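I've put the structures underneath this note.
Paired with chain B in one complex and with chain C in the other, chain A is shared by the two complexes that follow.
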Partner chain A sequence: MPNKIKGNSISKSISRRGFLKGAALGLASTAIPFGTADASVWDAFLQKHFREMNEDEIQTVIKRLEKEYDKKFDTKFNIKTTKAMPGTLFGYGLDLSRCIGCRRCVYACVRENNQSRDPQIHWITVLRFKKGEKWIDLEESEKYYYPGAVPEEGYFYMPVQCQQCENPPCVRVCPTKATWKEPDGIVVVDYNWCIGCRYCMAACPYGARHFNWAKPRIRKEELNPETHYLGNRPRYAGVVEKCTFCVQRTRAGRYPACVEICPVGARKFGNLLDPKSEIRYCIENKRVFRLKEDLNTYPKFYYFFAT
Partner chain B sequence: MKVLIQQKKLYAIFIAVLMLLTSVLLSMNAVAEDQDGIPEFFVPPPPFSEGIFPCSQCHADMEVNKKRRKLFYHTNIKFTHAAKQRWCLDCHNPDDRDVLRLASGKLVSFEESYYLCGQCHGTIFRDWKAGVHGKRTGMWNGKKEYRLCVQCHNPHQPRFKPLKPLPPPIKPADIKYSKPTDEIPENPLNTVFPLKTISRSKNAK
Partner chain C sequence: MYALLKNFFTVLKHMARGDKWYYIWLAFLSFFIIAGVASYIRQLNTGLILTAMRDQVSWGFYISNFTFLVGVAAAAVLLVVPAYIYNFKPIKEIVLFGELLAVTAITMCILFILVDMGRPERVWHLMPIIGTMNFPSSLLAWDVVVLNGYLAINFLISFYVLYKMSHSKEYSIQLIKPLILISIPWAISIHTVTAFLYNGLSARPFWNASILAPRFIASALSSGPALMIIIFQIVRKVSKIDIDNKAIFKIAELIAYAIGLNLFLFGAEFFKEFYSGSIHLAPMEYLYFGLHGKTALVPWMWSALIFNITAFLIFLSPTARENFLTLNLACVLIIAGVYIEKGMGLVVPGFVPGVLGEIYEYSPSWTEKSITIGIWATGAMLYTLLLKFAMPIYTGELRFLSKTGK
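After this line comes the complex of A and B, so read on.
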């Protein structure tokens, strides 16, 4: 009997020397190369939290990233770090009585914000509802509708994207503080600080956060090189991303890409602190609601009926 | 004599005050018209069919015929905009076809056609001025680009034309593993709004 057990391959002994050799080689292969030409790997590894960096440190990071993107995409990227304008709190309006569900906004957003084409990431989801009594039952909505022409008789459409909550549950759950609310109300992600745990995705009641399951792939001619550090700069595999109200455009005074593309003018954008803004006019004069208001997230995204 | 001069003086002052008042009133009126709820904006020119404007190039020598009839020119116009109640010259000015005419008799140019539409669609006109009805581009805190009503609504058939939607997102069941060498799908938006070809690659390397 004992002889039989000895012959079992599992009991084959490994010598101490052999084990140590293997362990040393294994460790060496996982180590970050240092001292070599790729010093930027160490710089990226040791980068401080975005909000703890001073202006010089941020500029160093931007230079490093621009170099990195240049090498990766063979394209000159311009990464801005524009701060929030004082006295602004961004709000968004969407006219449900006008939206025809044509999905122009979905793909204008993709063009502007460098989302991965494969695997596919969309920041805007357009939901189709049957008109009727239970009209806002999200469970009954259709996301994959594709008729020959829209709008269809008997249906209405509701695009959903990040609601830029004043009380964002996604920010609260982040274990690394890689996502936060900016002074102008935009919830942003630092892609260099995100560890990809996806707690925020689980916490978001609107399904507005998206995960890069693989290395994002975009055609070179479709890259948008005008970017913001907290917005549309190219992402990495394993990080979460979301709508930022086109922070690279809106902090320069422009409208978000989805507002500019909408063929029916259903999308409205402005400063909630400016009583003369379009969004304030909507809130004061139209029938307004916010999605899942009962969750106390205080969205700054207002759905309204203009008719 | 003295009293008379004083009276004359008073009279002069009275006239001066009156003139001042009228001028103030007039200028106030002008300001009100200027503001009129319409902020400074830029509108692209009206979308005329090619070669159709100015209308006077044909209509100048024609006799005005207000009768409802089958037209032998302008056959591409299908009039479905409350056609029972109206006919061409209720909006187009009979005496000078290059302008439009409001119900009040006031003439407005084609560039200001929103006054004409606003006669009936008052609430929509109010929302449009506030920036809520219709598409707005430009700067949210600065210069905005408005559009005329007729840029989205054909004035003769005002209902918004249905559009072909862009494709839906990929269903989770249809996601396939792709190798890094596989072709990257194109943004479907390019079929509707072609990508502006900017030379982005850095040739000077």
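After this line comes the complex of A and C, so read on.
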């Protein structure tokens, strides 16, 4: 039935000069079921930008979302809104000499962060390079490698995820300020404010942003109900998502899931502002580099060679 | 109020009447519009997964068409300058049709953006005041401002002139002169801002070249006016409006300069990329020779280049451009050439190879094609109805009651 309403409202308006208005109304009618008894649909439609809401408004939204998720997934979700801790700026280190290309990080990330399983979304991409070949432009890299066992003779690996740039091009281009850099340096997305224009994806030099091309699907028993509003809560079709250094964990003093799972200890994480942190030790004592430094994005993601 | 209502019905009645061909044309367009709407409803329900776009190539056919149409809209300026600045009479008489074409093209641009959005119902988020428009940081916010402004300017000018004409009154040039003058730089600005939208992304070397904006303008001034030449001949055929050959030939001459410039700029880009041969050559190589055996766009790009050069030679020769057979051939060639070059030939190589080196070969899905054709049919219908309304006012066949009831 709603399909029928949609069709009519658009095709009729074409014969009028008020075409645009008609198209806009038609569009709205496709997305919002008019005359619905459920007021939460309107609340969702009219929800304000996360950073423009006061504490009360945020709590109302959280309650509505928890109810919504409960109904949708039949699971009790806990959505936190923990703020950045003062005096923290998160940084990441990745030891290229240790990484064996096993992709455990990729799937630990998917489980922790409620990424869609069908179609699959991965926030971490592991690139494989042949030793001795040019790798500056990444064009010789292989993303789709399927060996019987890793590491493979003659190859090395480089995992890439959001580099949490200090000067993030994605934030600069977003037309609605739906994505921004938090005080602890994490670039986040308000999934309820993103319009799905995908300009940020064109702007990101690291392929770190992913779009929900279809309705995200996850089996109930695979859901992670411990979430953060700006992090791993379930997403919608038509919005962009990305790595948040597991904001739901790291703001509670835990390691990101990828750091925890890494079997060879190639992944380091910590507070860049703490001189005694492991990440600061790596930066000061190892030979570090950052990906595509020529673009002046100032990533807070350091690759290094420990041996 | 009575007069207003009556006038409204006069317009409706007039638009509903036409000969057999008129009805066939409208039915033909309606068919594609309905098919497009049906595809769009499916896309809304299922998601953009019905397109061939993916994370690797996140913009495709919709944004390609959008880019081309911004150029068509901007090209109205090629009529406005000779008409109002140089007072070239033959063009002055037809500039209105250019402005209506701009109105139509911008409307289509807005539709292409809407169908490309993941959450179209949230479009209000990018409006000033009620939303959180990221102005001046985001070039997309700039684009919203300049495109809507250009739509408003052209709408105001053309409907003011039509309103005055329909009441048998002289329009005051003093009143619309400021609007006309501002529309000239504004036309350049819509295309410059659209070019900057791509141009500002350092992640995409193919777009991150300073030549992009000048090439946008040059190619727009080649293809847009060519479309107008074809439209003028149709208008001349179906109405009593007399369009002077002089106007058409003058436009054809201007197109020759624009194509010449576009080819020169293309040559400059081609030389720089291939002679220096840095890693940023890859997208250009993909377009013209293929990369790692992936060659989807190669035949299209060479066709476009051959089309553009052939059209240039025809427009350059006064005898060829003043012969309607060769003139129309050249018009079709340059429209097709620019459509390929500035549509898929611009958007796709921004993403191929991808930022992590992946090569994903994109070619639009049936859903994308159907929706795109639907929007083109919508534009054609809108322009037809605008002309149906404007032409008789122009010739004096349609006159309205004024508010006093006379």
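Remarks
Here, the second predicted complex is superposed on the first by the 267 of 307 C-alpha atoms of A that agree within 3 Å, B and C clash if a C-alpha of one lies under 4 Å from a C-alpha of the other, contacts with A are read in each partner's own complex, and residues count from 1 in each chain.
The rule is short, and it goes like this: a residue touches a chain if its C-beta (ideal position, glycine included) is under 8 Å from a C-beta of that chain, and two chains touch if they have at least 3 such contacts.
For clarity, every value in this text was computed on a predicted model and none was experimentally measured.
Of the two partner chains placed by the overlay, only chain C lies in contact with A:A202; chain B stays clear of it. In the superposed model, A:F211 lies in contact with chain C only, and not with chain B.
Applying the stated contact rule after C-alpha superposition, one finds that A:R219 touches chain B and leaves chain C untouched. Shared-chain residue A:P119: touches chain B and chain C both.
By the touch criterion stated above, A:Y145 is placed in contact with chain B alone, chain C being left untouched.
Overlap of the chain B and chain C interfaces on chain A: residues 119, 125, 143, 215. On the chain A side of its complex with chain C, the touching residues are 3, 6-7, 10-11, 14-15, 17, 19-20, 23-24, 27-28, 30-32, 45, 49, 52, 119, 125, 127, 136-141, 143, 160, 169, 172-178, 193-199, 201-207, 209-215, 236-240, 295-296.
Contact residues on chain B toward chain A in their complex (touch as defined above): 127, 130-142, 147, 152, 160, 162-171, 175, 178, 180, 182, 184-190, 192-193, 195, 197, 200-202. Those residues of chain C lying in contact with chain A across their complex are 15, 30, 33-34, 37-38, 40-41, 44-49, 51, 53-56, 58-59, 107, 110-111, 113-114, 116-123, 125-126, 131-134, 137-141, 144, 197-198, 200-204, 279, 282, 350-351, 353-358, 378, 381-382, 385. Of all the residues in chain A, the ones that touch chain B in their complex are 70, 74-76, 93, 95, 100-104, 106-108, 110-111, 117-120, 122, 125, 143-151, 215, 217-223, 225, 250, 253-255, 259-265, 268-271, 274, 277-278, 281-282, 285-286, 306.
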